[in-house]
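Below, subunit A partners subunit B and then partners subunit C, in two separate complexes.
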Partner chain A sequence: MKVLTGAYRKIKDLHPHEAIAPGTGLCAGCGGLEGLRMALKELGDDYIICNAAGCFTLLSVYPFTPLKGSWLYTTMGGPTPAAQGVRDALDIRMRHRGLEEKENLNVIVVAGDGSSNDIGFGATSAAIHRGLDFIYFCYDNEAYGNTGFQLSAASPYASATQTTPSTDVHEAGTEINKKDLFEIWKAQKPVYLATVSPREPIDLSNKFAKASHLKGPRMFICMSPCPTGWGFEPKEAQLIAKLAVDTGIFPVKEYYEGEVVHTVRPRKRLPVEKFLERQKRFRHLFKPHRQDVVIKHIQQRVDEYWGQYE
Partner chain B sequence: MWRIRLHGRGGQGIKTASQILGSAGFYSGFQAQDFPLYGAERRGAPVMAFTRISEKVILERGPIISPDIILIGDETLLNDSQSAPLCGADPTTLIFVNSPHPPEKLAQKFSLVTADLTDLCHKHLNKRTIYSSALSAVGARLLGTIELADLLQAVEDELTQQGIVTQALQGNLELVREIYTKIEPAILTPKVEKTLITKPMVLPDYRPVVDGAPIILEPGNMALRKTGNWRVERPEIDYTHCNDCLICYARCPDGVIAVNPEGRPAIDYDHCKGCLICAQECPGHFINTVRETGLFP
Partner chain C sequence: MKTPKKIMLTGNKAAAWGARMARVEYVPAFPITPQTEIVETLAKWFADGTMQGKFTNMDSEHSMFMAAGSAGATGVRVFTASSSQGILHGLESLYTVTGWRVPMVIVNVSRALATPITLEPDHNDVMSTRDCGLIQLHAETCQEVFDFILMGYKIAEDPEVCLPLLVNLDGFYLSFTREPVLIPGEDEVRNFLPLYTATQPVFQASQPMARASAVFGGVTYTSFKLQQELASRNAEKIFAKTAHDFKDRFGRYYGPVETFHLDDAEYVFVMSNSFATKGKSAVIKLRQQGIKAGLLKLRLFRPFPSEAIASVLAGHAKVAVIDQNLAPGMGGITYPEIVTALYDKKNRPEKILSVIGGLGGKDMDDQDFRTIIETLDKSNMGKPLFLYDEEDAKNFDRLLKIAKLKEVSS
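So, the complex of A and B:
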């Protein structure tokens, strides 16, 4: 296994600099916010975030912003086209209008899984195709969180969402599998692509540090435990993130120079129940009776995934 | 008509409480109306909900400005000028505060009832502080005209709709029974009903686009907004044992644990939202949690 050689080895190495000021309206214990907080520490203060409508739109609410950099709020499907427009404008002004290099900005998209997998998907694919020089941060809370937790293409099989509850006819809740955005993006060979977890701050920081030195499409999917939508106590957000990694449900990996490397590997994978049983969105798998077939199916898919690499 | 306004925080079941109260009133033969009001903010932020209960048809709409009863699920809100739970209260308004100790200054000004719902919820709801059943039970009992059977039915119906499991439902029903015996019906003075007047419609005028595309010139000014009042429990670092490993600092999603020049973690209580991740994650369990009791200043 190739080990990622980054600058950070322990927690104390991490940037003490806080890139996001407190006071935001995001839920207490938001896993995605922890991911973004760590990511921005690595990206400096000269950036513009193009944000797709979603929970994180609450980060910057006029007249307040928690950020040092700029913020452009866009439609749910529009953050990547906005990023293209901003990138082009900066490039043209630097080339022809005398804008100094030091005025250049990192263009970052911050979008939810709904935006990334559904309405914003096509435009992002087009931008990767064109080789747009940008960083894409998808915080994946596995549903349309901001509007009350409806099904997105990233909602996992057997999770209950507002639009796919467990019923007599559809006992499992969501009956289709989560879209594999990593594989889809990988097929387009972006310069850099990684999944990150707020539970693995060192791995996360190293990946963003690495990406910050590259040019071209740099794509991130951040697993984002969501106490409100997933149904667990805020204090357990990190525990849930840990269990997602330890059960193998969420593979922490990167794709770089044509190779996929798992940068954090569960030593001995825990049974998937350990992750499922702590969340209200999976409660119907255990109560009023255990849905063994469904749980087994989830386990099987995880085993199949890791089978390719073991 | 009785107008009841409920105050609490996102995630505490305040909206559900107003629904249970409305349904219970309806089952007891009244007309009822209930609805919540909250901004874009998420779990932990102040929320309000309203219930109107009347023998006659309810024509009134919109938020309740002059409540007959105010039910405050979270006493820390009393210190919150933005949520201002006492707004619109007059000497005829009955105020209920979930608190283990009656806030004295409040008692001098208003007729006040208190009970420690947090404790009762801990007892019946497996340590969870969801006030939906408890607060609706207090409201129903203070009104005095809602039958226990109707209240229990309303709790069952509303919570079942939300997919509650049998065991948790039983806990809620016992909680409601206990509160029903603990709280006495109140003597309420009906407010003089105002006649509704129609006002002319206000038409907005057009503004140039720049007015609608505002710019924030001070980076990071979000810190001016204090989220410390979202906390129900406060994390406290036990510095005699803390070994400065900084795990708490790394794991705080809101970045409110700073590292001081000596390398020690320090919590910014103006902004800490009380998610308690730090306490959960400290390897040596050197962060204690203390219940916040926001006394009326």
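So, the complex of A and C:
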């Protein structure tokens, strides 16, 4: 296993700077918010977030913002082209209009999995194609969370969403597999690509620190346990995030210079049930009767994934 | 170019020249017929260093208008162009960026909307943007296209306005028609329209800000919408100021509307864009036959210059509002706006006829204008008048017969 040569080895090494003030409109226990909070510690305050419609739109509700940097709400499919416009304009002003380098901004997109996988997917692919110099932060809560938890292309097999409920006819709920956004983005060879988990703060911080020194498309998918949509107590968010990693369901990895490295590897993978059984969205797999075939299928897919690397 | 020059330009080239002389710094682009010539021309000028800044090939009009808006919010002078389906595809972004209150100029080269898909012009595309908060200027000639772009930046960038502005020109009839266009010298243009400096805060490290944040509650939402409405209303005043300034410098004056043989006119055609030229030609021919016809051309379409329109139409007996657009089940889209403008005028016209013509580039000939006059003379006009006669029906039938979709009558 290749170890990242990041600056951080212990929690207490992490930057004390808080880039998001407390008291936002986001849900208690939102895993994605924790991920963004730590990411922004690494990126400094000279940034603009171009935001897609979604849960995180509630970060800035007029006339308040919890952010030290700038914020631009766009549309559900438009945060990445908005980032393109800001990047281009700053470059033009620095090159031709005497804007000083100290006025430059880190251009960041913050979008949910619905925007990232579905409505904003094409525009983001285009930005990677153009080599846009930006950071993309996808908080992946595996459904359209802000509208009450409907199926997105990131909803995993056998999760129940409002639009793929578990019924006698469709016992598994969601019957199709989660889109592999990491592999799709990887195919376009962005300069940097990583998955991060709020439960792995050192790994997350090292990745953002590394990305902050690179130029070009830097893509992040942040596992975002969602108390309201997944159905668990907010205080359990960290535990859920940990189980996602420990069961191997959520691989923590990076793609850099043509190589995929799993930066956090579960030593001995826990059975997937340990992750599933704690969430309401998977309750139908255990009650009223246990759906062994479905659970086995989930385990099999996880084993197959890791089998490629073991 | 140091001194004024008269050169032959298509409507599209005139638009590109407008952007060039305005010293536009940023063009996000996406191709669509019949607009493509504009962005191709600009791409070349950015590539060879004639224009300074950046040309970015975007992935859709939705993305293009979004990038245009965010670049405007970051302090550069932005230009872009689209047409037809592209306008519809980008409409969400257009509503968004007008709310951002960023100045820019957008050219729409009018082309009819699917279905059926076609290339030739009518105005349903630009009318779809009617309510999104853009300032709109509609051009009849290539010179107007060029001049409106220069004036457009001046209006859009005025601190009392700060809104995107759209210049409309007709596909094919104007986009691909060459006309002589006077291009002023660079210094003259610079005196009228200096290099862009944003008057509102823009994105840069020293001035962090949250823009376009979500609002809760109707009061906050309405406060923002009211500001947008007031800004748009201001644009009528700023248009007038800009038009006078433009005349002083370049000798061409543009009122919010243009009148043609209107003073003693008994019949008035209300038209816009390139087909107004056909209307003017018809007016001349009708007058040769002793029919007192005249024409009112709409130029400033948003904000809607109700008073300017009503004051020139009042006192004329018969008015035909010719819409090159169709709201199925209702009729012409500008018709109710003209009627509303006239409602409280004491000497408003006796008759105001809604005419639908020129859809999908369908020509309007002298017979069409005579039909309008005849309809205005009827005691019961029926409405709206759809310019589609027996000859047109026969032509459509002929097509079906060629394809053997209809029996050929012996």
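Just so it is clear, the second predicted complex is superposed on the first by the 310 of 310 C-alpha atoms of A that agree within 3 Å, B and C clash if a C-alpha of one lies under 4 Å from a C-alpha of the other, contacts with A are read in each partner's own complex, and residues count from 1 in each chain.
By definition in this document, contacts are C-beta pairs under 8 Å (C-beta built on N, C-alpha and C of every residue); 3 or more make two chains touch, one makes a residue touch a chain.
Since the structure is predicted, the reported quantities are computational estimates derived from the model, not experimental observations.
Of the two partner chains placed around the shared chain by superposition, subunit B is the only one that A:235 touches, whereas subunit C remains out of contact. In the superposition on chain A, A:83 makes contact with subunit C only, not with subunit B.
In the superposition on chain A, contact is made by A:67 with both subunit B and subunit C. By the touch criterion defined above, A:93 reaches subunit C but does not reach subunit B. When the shared chain is aligned, no partner comes close enough to touch A:13: not subunit B, not subunit C. Touch criterion not met for A:175: it reaches neither subunit B nor subunit C. Of the two partner chains placed around the shared chain by superposition, subunit B is the only one that A:23 touches, whereas subunit C remains out of contact. Judged by the touch definition given at the top, the superposed model places A:58 against both subunit B and subunit C. In the three-chain superposition model, subunit A touches both subunit B and subunit C at residues 45, 57-58, 60-65, 67-69. Residue ranges on subunit A touching subunit C, taken from their complex, read 45-46, 48, 50, 57-58, 60-65, 67-75, 77-78, 80-86, 88-93, 96-97, 99, 102-105, 122-123, 125-126, 129-130. Contact residues on subunit C toward subunit A in their complex (touch as defined above): 25-26, 28, 52-54, 56-60, 62-64, 66-76, 92-93, 96, 100, 203-206, 208-216, 220.
Touching subunit A in their complex are the following residues of subunit B: 10-11, 39-45, 163, 165-166, 214, 216, 219-227, 230, 245-247, 249-256, 258-259, 268, 270-271, 273-277, 279-281. Note for the complex: subunit A touches subunit B at residues 11-12, 14, 16, 18, 20-31, 33-34, 37-38, 45, 55, 57-69, 160, 165, 198, 201, 227-228, 233-239, 283-284, 287-288.
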